Amino acid sequence: SSSKSNDTSADNGKGITTAGDGIIGGTPVRGGTLHILSNQDFSQLDPTRNWVEPEMDFGLRTLYRTLTTFKAAPGATGLEIVPDLATDLGTPSDGAKTWTFHLKDGLKYEDGSPIVADDIKYNVERSFSSELPGGPDYAKQYLNAPAGYAGPLKGQRLGPEAIEVPDAKTIIFHLKRAVAEFGYTVTLPTFAPVPIAKEAGAGYSNHPFSSGPYKIDTYDRGKQLVLVRNTNWDPASDPVRKAYPDKIVVDQTLGSAGIADRLIADQGDDKDAIMYSDLTPAKVPDVITNPDVKSRLVSDNSNCTAMLNMDNSKAPFDNQKLRLAVEYAIDKEAFQSSVGGPALADIATTYLPPELTGGTSVDHFKIPVSGDLDKAKQLMAEAGLSGGLNTEITVSTGAKQQAEAIQASLKKININVTIDAVDPSVANSIIGDKNKQTGLAIVGWCPDYPSGATFLPMLFDSRIITDTGNQGNKSRFKDASVDAEMDRIATLSDVKAANDAWLALDSKIMDAAPAVPLTWQKKPLLVGSNIAGAFAHPVWSAEIDYATIGLKSVK
Amino acid sequence: MTTSTGPEPLLTVRDLGMTFPAPRQGMRRTAGIKAVDGVSFDVRPGETLGLVGESGCGKSTTGRMLVRLLDPTAGQVDFQGNDITRLSQRALRPLRSKMQIIFQDPFASLNPRQPVRQIISAPLRAQGLAAGEIGREVRELIQLVGLAPEHLDRYPHQFSGGQAQRIGIARALATRPALVVADEPVSALDVSIQAQIVGLMERLQRELGVAYVFIAHDLAVVKHLSHRVAVMYLGRIVEIGEKAEVYANPAHPYTKALLSAVPLPDPAAERARERIVLLGDPPSPANPPSGCTFHPRCPKAQEICRSEPPLLTIAGPGQRQVACHFPES
Amino acid sequence: MTLLEVRDLAVEFNTAEGLVQAVKGVDFSVGRGRTLGLVGESGSGKSVTSLAVMGLHRGARVTGSVKFEGTELIGAPDEDVRKLRGRRIAMIFQDALTALHPYFTIGDQIAEAHREHFGSSYRESWARAVEALGEVGIPEPARRAGEHPHQFSGGMRQRAMIALALSCEPELIIADEPTTALDVTVQAQVLDLLMKLKDERGLGIIMITHDLGVIARVADEVLVMYGGAAVEQASADTLFSAPRHPYTRGLLDSLPRLDAPEGEALRAIPGSPPSLLSPPAGCAFHPRCAVYAADPQDACVAARPPLRLIDAAHRSACVHQEVTA
Amino acid sequence: MTTTAPLPVEPAADRQGAQAPASPWRSAWRRLRRRPIALVGLGIILFFVLTALLAPVLTAISGFGPTDTDKHAIDPYLGGLPRGTLGGVSARHWLGVEPMLGHDVFARLLYGAQISLLVAFSAALLITVVGVTLGVVAGYFGGRIDSVISRFMDVMMSFPSLIFMIALLSVVKNANRVVLLIVVMSLFTWPYIARVIRGQTISLKHREYVEAARASGTGSARILLTEILPNLSSTVIVYITLAIPGLIGSEAGLTYLGVGVRPPTPSWGQMITDSAVYYKVDPMFFALPCTCLFLVVLAFTLLGDALRDALDPKGGLG
Amino acid sequence: MTAFLLRRLLAIAGTLLVICAVTFTIFYLLPTDPALQFCGKDCTPDRVELVRKQMGLDAPMIVQFGRYVLAVFAGRTMGTGQYAVHCGFPCFGYSFQSGRPVWDLMMDRFPASLSLAIGAAVIWLLIGLSAGVLSALRKNSWVDRTLMVGTIGVAAVPVYFTAMILLYVVVTVLGLIPYPRYVNFTDSPVGWAQNLLLPWITLALATAAMYARMTRSSVIETLAEPYVRTARAKGLPERRVVTKHGLRPALTAVVTMLGMDLGGLLAGAVITESLFGLPGVGKLFADSLNKADQPVVMGITLLAAFFIVTSNLVVDIVYAWIDPRARLS
């Protein structure tokens, strides 16, 4: 929403971000069919394995409920959690190393059978299984589970030292260390219920057993998913999900350009449709130049930071002065244009996105948006590299223009960048391989929930670096004091103090300049003219919140 | 004239046979078409063997096999001591310039995309002649067959049937071959040019010892040019012998009928003459009659003709051979 | 009314080397039940003439008049001419292999014309095709009809062409060397068939051939062509008995005869055929003409001598009328 | 009369002997020159080749290189659309700029022509040479040779080219990209023309004039070259002309996969691909490269048609 | 024929095996690690190893290949213990992504691809052949030139553009039909056709140019053949002369191209399918490739190979029908 994205140095004066109070179309009516136009199948709807946006948003708001969840509201309100299956936000004890939750009364699955605490435990156990990878791994990180525990599929359950289920309505988590924001952790789909009887291994994803307001009617993977009302869901027990439409149809066969064109054209059923994945930058002018269409654009900061990654482990970028020079040389405004301009991105001035810095962005260096070449050249000289250098940048093929923007900026300080545009499926493998990694790369990260703990450690903890398949800390940044500070903050039980500490650490890392923050991406989504209650939820990368969306009118 | 004591044969054909795979009749497969069956003859250097017979009796097929444009399904062909039916196409190539063929269909055998110059020079080039020499030869050849150098840069479709035929003749004679299989080389020519071409062929034979297998329907021309004549009927040779003998005393009833049917270039004589009319339907190689294949149309057919195929046996002077149970004496 | 009336027909080809005048001002006519023999030197324009009558020249300039039953064909709408072609005027092409479509069966190619002109059913037309093939002496016509041209021998293709031409019962047939690939017995059979049709149905025939024996047998009247023009026109009997034009005489002299004495060489007209690009001035035959050599007359080189009447049914285009008489 | 004396050869008939024998190609060229439409085609092609070659000079005059970005020429608030009308046509940018980064369209068209034309022409040539050779050989010889070549074609046609190219990238990252492009494109495209040619060769080899050539001792190679190939020329011409847009398109596709030229090197194919989505809001950007490509293909087609006619001795007349 | 077919079928199997091996090798060389991809974001190395083992990707390539090929015929059990699943013949493994058998996935998508391909092929044949014939008849006239400009104009713009313009004009501006969504033929044949119309035209326009030009040049050549003159001499209407006698030889090229184009399309037209939201194999392929869903990519590659190879076989058989002379070999 506008409140938080206004104060970046790039001006949003033209009001590209979602209009009004951030909610498009007012309050929906009950009934009708909501169409969701997608260009791909969900990679996972299995709650154990669902860890990418917007699937997480979709699953959590329609099919499964978790112990706690985020409020359905734009802006800062959306960052607040409320009890969902649980009666409260969890009771910490033992210095936040033990967390107890109680389930509400009368919770039922889609077939009317009761939801019990053991089902939640079972799902958490599933997240340990190597047959069911890909899901959030916080349970594995935090729970006091025996080493080598490989999940429940072969019959092994976790003992009470990790999770206790004293009765059908109580669940107690025992953690390895204090986790102050565990109440937020249990918003993740890992903490939704999965009944043992419905276990289907990898096939569970084809029909997750619903505890939410909708259930799967048909699911033809890659073609169409049809959700209908789950009549056993009790609205009274659910403080956030409104479940306005009677039916939700996800069409997965279109291409993204086709989806954009259809929503721009806004005809027939498409009036009741929304887009599932982002509007491509090239379509933005189509939308922005047409006021009617523009008023149907949901676009908010996704709180994901795009960064220019440098390989700190190898020459030349093991040189901190050079990295700083790069920091000063980049024309972020040009880069912003290359990702679609202010409509699609805000200029990033530090690693932590506004969501994690209390809603306002921090400008660490205060460099002008188009860079400071004098300072950059001076730093190059200090680095002993005023003669310039050659390096390469790896980007996935869709990000060609972004690489060109970087190339053009760095050329001005005599850094000649060769662009390696590679297929998206291999980009990560190259960047994550010690030997293949190029000097530069464009990478990004999004927090899982509003806590620095889901952000900085993934990017800069030196202990997660691996030679190949390196997924976090891609800049291979090694600083023992940073590692130690992260460990210290993790033990803080005061959320406020922890947040302040993350901010301070952010500044410290910025000075070391392992990577250059470039933009905070927005999530531009177009909705049909008959859509109401559409807004960007701040937690789920500014995806449309499926809890409250519906139609303006029903035929 | 050639006799059995003549020089070594240039070409020896033994039991040559060609069976074309039969087309399918519905789902049923019929036996193959025996277009040529057990044909044997020799041709000596400088000799002309006339090959006559009913339309469709296998003359062209035989001719094609002699130069290995068709792979025979039976028998063998020795050319200058090489069994050409067994040679690979590559090994055959050096022999090609020594044996040439004039095709029955003049247009079909000329590449529509090549000017006459290129068509005629192809065999010369294959022989490895120098360009200048080829040019000279080609100009000479085109005039020898009664066309003019102005025709050299024209394409086949710009010619008349007779002109096209002469281009084919020029091509075949270009390399001064030892053997030419001439499949109706003069059928499309007016008698004057025909005389010219026949003269040319004779001259080449005299000067260079070219041997011809001369396939034609015009019995007068065959008579003029050939030393020996073979008469084919339904894939087999029914009579073969010295020209004079065959023309004067045809031994096979078919030969007789053939000679009696020659049209005479004189309306009065033509009206007055008597022809032997062959009875019955023309036979089909796919479905040959039993015994002697000629029996259904033969005025002299007897019981034995229906059951026993006659062998080619010597009958009469000059090595004459006839395949008939009741040859004329 | 004569069946076909050709007046002053001329055909020119524009080639890279220049204008080829293949036919220059030919006149003739064919009546019902009559046969016109067309003979002449190879390349003298016989085929070109017949194609012009059929209106089948593309890329050539055809002038003059061709009247079929009084209807002018040259310059007539293509659709009108098309309806005549095949149905009332049929043509037997000289080169049977290239004239038959290699991709379709013989039977199909014959039946097709029948279907087009009589609107007959597939089965009927096929039966007609088989019948026509049988008439021209193709053995086992029912089976052979299902074969393709390349499976036919040269003579069989030629007979297939004839069957094709006859299948629609035309009134006029232009036969361009229809029997060159036929042995004498089959040739006799085919000619008999043509004669029978001529007598029974009044078929008009233009018979182009080099076989003067054939001419002697079938032609009522003969037109001799040389260098694109008609040089002599006479009844068949007259032509053989009293040829007037030196070319015709040369031609008859060149005939190979079965009864010729052994060892005698065939006689050819000396010299080579005239170039059509730059034809000799005057009479096209004069460079090869023995009469001219003996008695060179200015008229021979001045202009092309027209056909001149000798008697009622005999015309010749020779300047030396008296000498050759 | 004459007793088979040497045949009289008329001296007058030799009058044309002095004239140099015209090869079919030379006479085809003579016929080609007479067709104005062919000259139009040739002119267009020459124009584009020239401008491509002169790109450095022309861009020096216009002031913007192909990789220069001009962020002032675009409006970031409109998703990076060019400022001004007609895709940002102005005195600074003669043909406007590309959206997003503000690349100068004029410069990119010129430099793009270099890559696109070089790649498309060379690949078309390579494909045609390889495809026609293998197709003719397979069709003419038949038997085992045909089996081997045909199965090879089958494999190449159904080759998982897309994944191959992605894999290729990690093996030959630093290869010369233009050469790589030409090779990769040719590798997967030749079977198309090869099969067409093979099919027609199978028909042609049964023609009697091919047999006649064989009978006259002409070697197989020469038969292919002089008897078969000329009859295939119009097929080849049609294929080459229409392969051009496809090849320019696949260059863009390959570049997109990362196998092609490295960004920011421009090419028409990439420009067209990039611009297609802007067809509504920035039609100029879309129209310019498409028009260039269209003109080149049109030129080739005109030239090809004229060449076809010129090579056909019948000139396409019945 | 039977022997020929048998030989070719064996060759097809061999070709597919080669493709299979090649694809496997390429996957091995591919920098993408399916285990890593499958493991999701932020996966620890030891967990990746576990997943790798789980997926059977830890075995040497040759073993994996052997397993794969064996499984195609013999089926295969995937996973262990209680939740193990068995896939029967023909087993192309399970999608990493959805856990469904690859065969089922492909067969599920196939109807859409088939519908698209067949319909488009019919249209582009209609357009290509008629434009080609028309151009040939009116050679170098304005009709010819217009058709040429039209067909190559479409060939020079991306499919995307054609699709968008069609959608914009037909759906948005004229409102003739609603935005296409795929409807099963069995559900509603009319709806099926109506919704596929635009995709058909899009794909057809992109492909027709080559057909039109090839047809044109071939027909021009054929119309100059003497046998076309014969057809005219028979009095056939010009339309028949051209479409029957003139077009037939052009079919060799057309059928060859059709075989290849159709073969390729049956395994999906990625762009057209995603532009029009058709749940076809092409879309599945693109998605699977993106997500390194190796079994699906492998399966579709083989499916594509199968179609290409078999359609080439069919084409080879059709040659004999088009050109009877080709039957000889």
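So that you can tell them apart, the chains are marked A, B, C, D and E in the order they are listed, and the count of residues begins at 1 in each.
The rule we apply is simple: a residue touches a chain if its C-beta (ideal position, glycine included) is under 8 Å from a C-beta of that chain, and two chains touch if they have at least 3 such contacts.
For clarity, every value in this text was computed on a predicted model and none was experimentally measured.
Note: the chain lying farthest from subunit B is A, by mean C-alpha position. Ranked by how close its mean Cα position lies to the mean of all protein Cα atoms, the top chain is E. The pair with more inter-chain C-beta contacts, choosing from D-E and B-D, is D-E. If you average the Cα atoms of subunit B and of subunit C, the two centres end up 26 Å apart. Chain centres here are Cα averages; for subunit A and subunit C they lie 91 Å apart. Subunit C and subunit E have Cα centroids separated by 55 Å.
Centres computed as Cα averages put subunit C at a distance of 49 Å from subunit D.
Among all residues of subunit D, those that touch two or more other chains are 2, 4, 9-10, 13, 27, 166, 170, 206, 208, 277, 312, 314, 317-318. Residue positions 30-32, 160, 164, 224-226, 228-229, 232, 249, 289, 322-323, 325 of subunit E each touch two or more of the other chains. Contacts with at least two other chains are made by residues 105, 107-108, 143, 148, 150, 153, 157, 196, 199, 202 of subunit B.
Residues of subunit D that touch subunit B in their complex: 2, 4, 6-7, 9-10, 13-14, 16-17, 21-22, 24, 27, 207-220, 222, 226-227, 230-231, 311-314. Listed in rising order, the residues of subunit A touching subunit D in the complex are 14, 16, 257, 280-289, 331, 333-334, 336-338, 340-344, 370, 397, 400-401, 403-405, 407-408, 418-423, 425-426, 430, 436. By the touch criterion stated above, subunit D contacts subunit E in their complex at residues 37, 142, 147, 150-151, 153-155, 157-160, 162-164, 166-167, 170-171, 191-192, 195-196, 198-200, 202-203, 206, 234-235, 237-239, 241-242, 245-246, 249, 272-273, 276-277, 279, 286, 290, 293-294, 297-298, 301, 305, 308-309, 312, 314, 316-318. On the side of subunit C, the complex with subunit E involves touching residues 51, 54, 56, 58, 78-79, 82-87, 90-91, 93, 95, 98-105, 109, 112-113, 116-117, 148, 150, 164, 168.
For subunit C in complex with subunit B, the residues that touch the partner chain are 13, 15-17, 20, 39-48, 94-98, 137-140, 143-144, 146-147, 151-156, 158-159, 176-177, 180-188, 191, 210-217, 236-237, 240-241, 250-252, 254-258, 260, 262, 265-269, 272-273, 275, 277.
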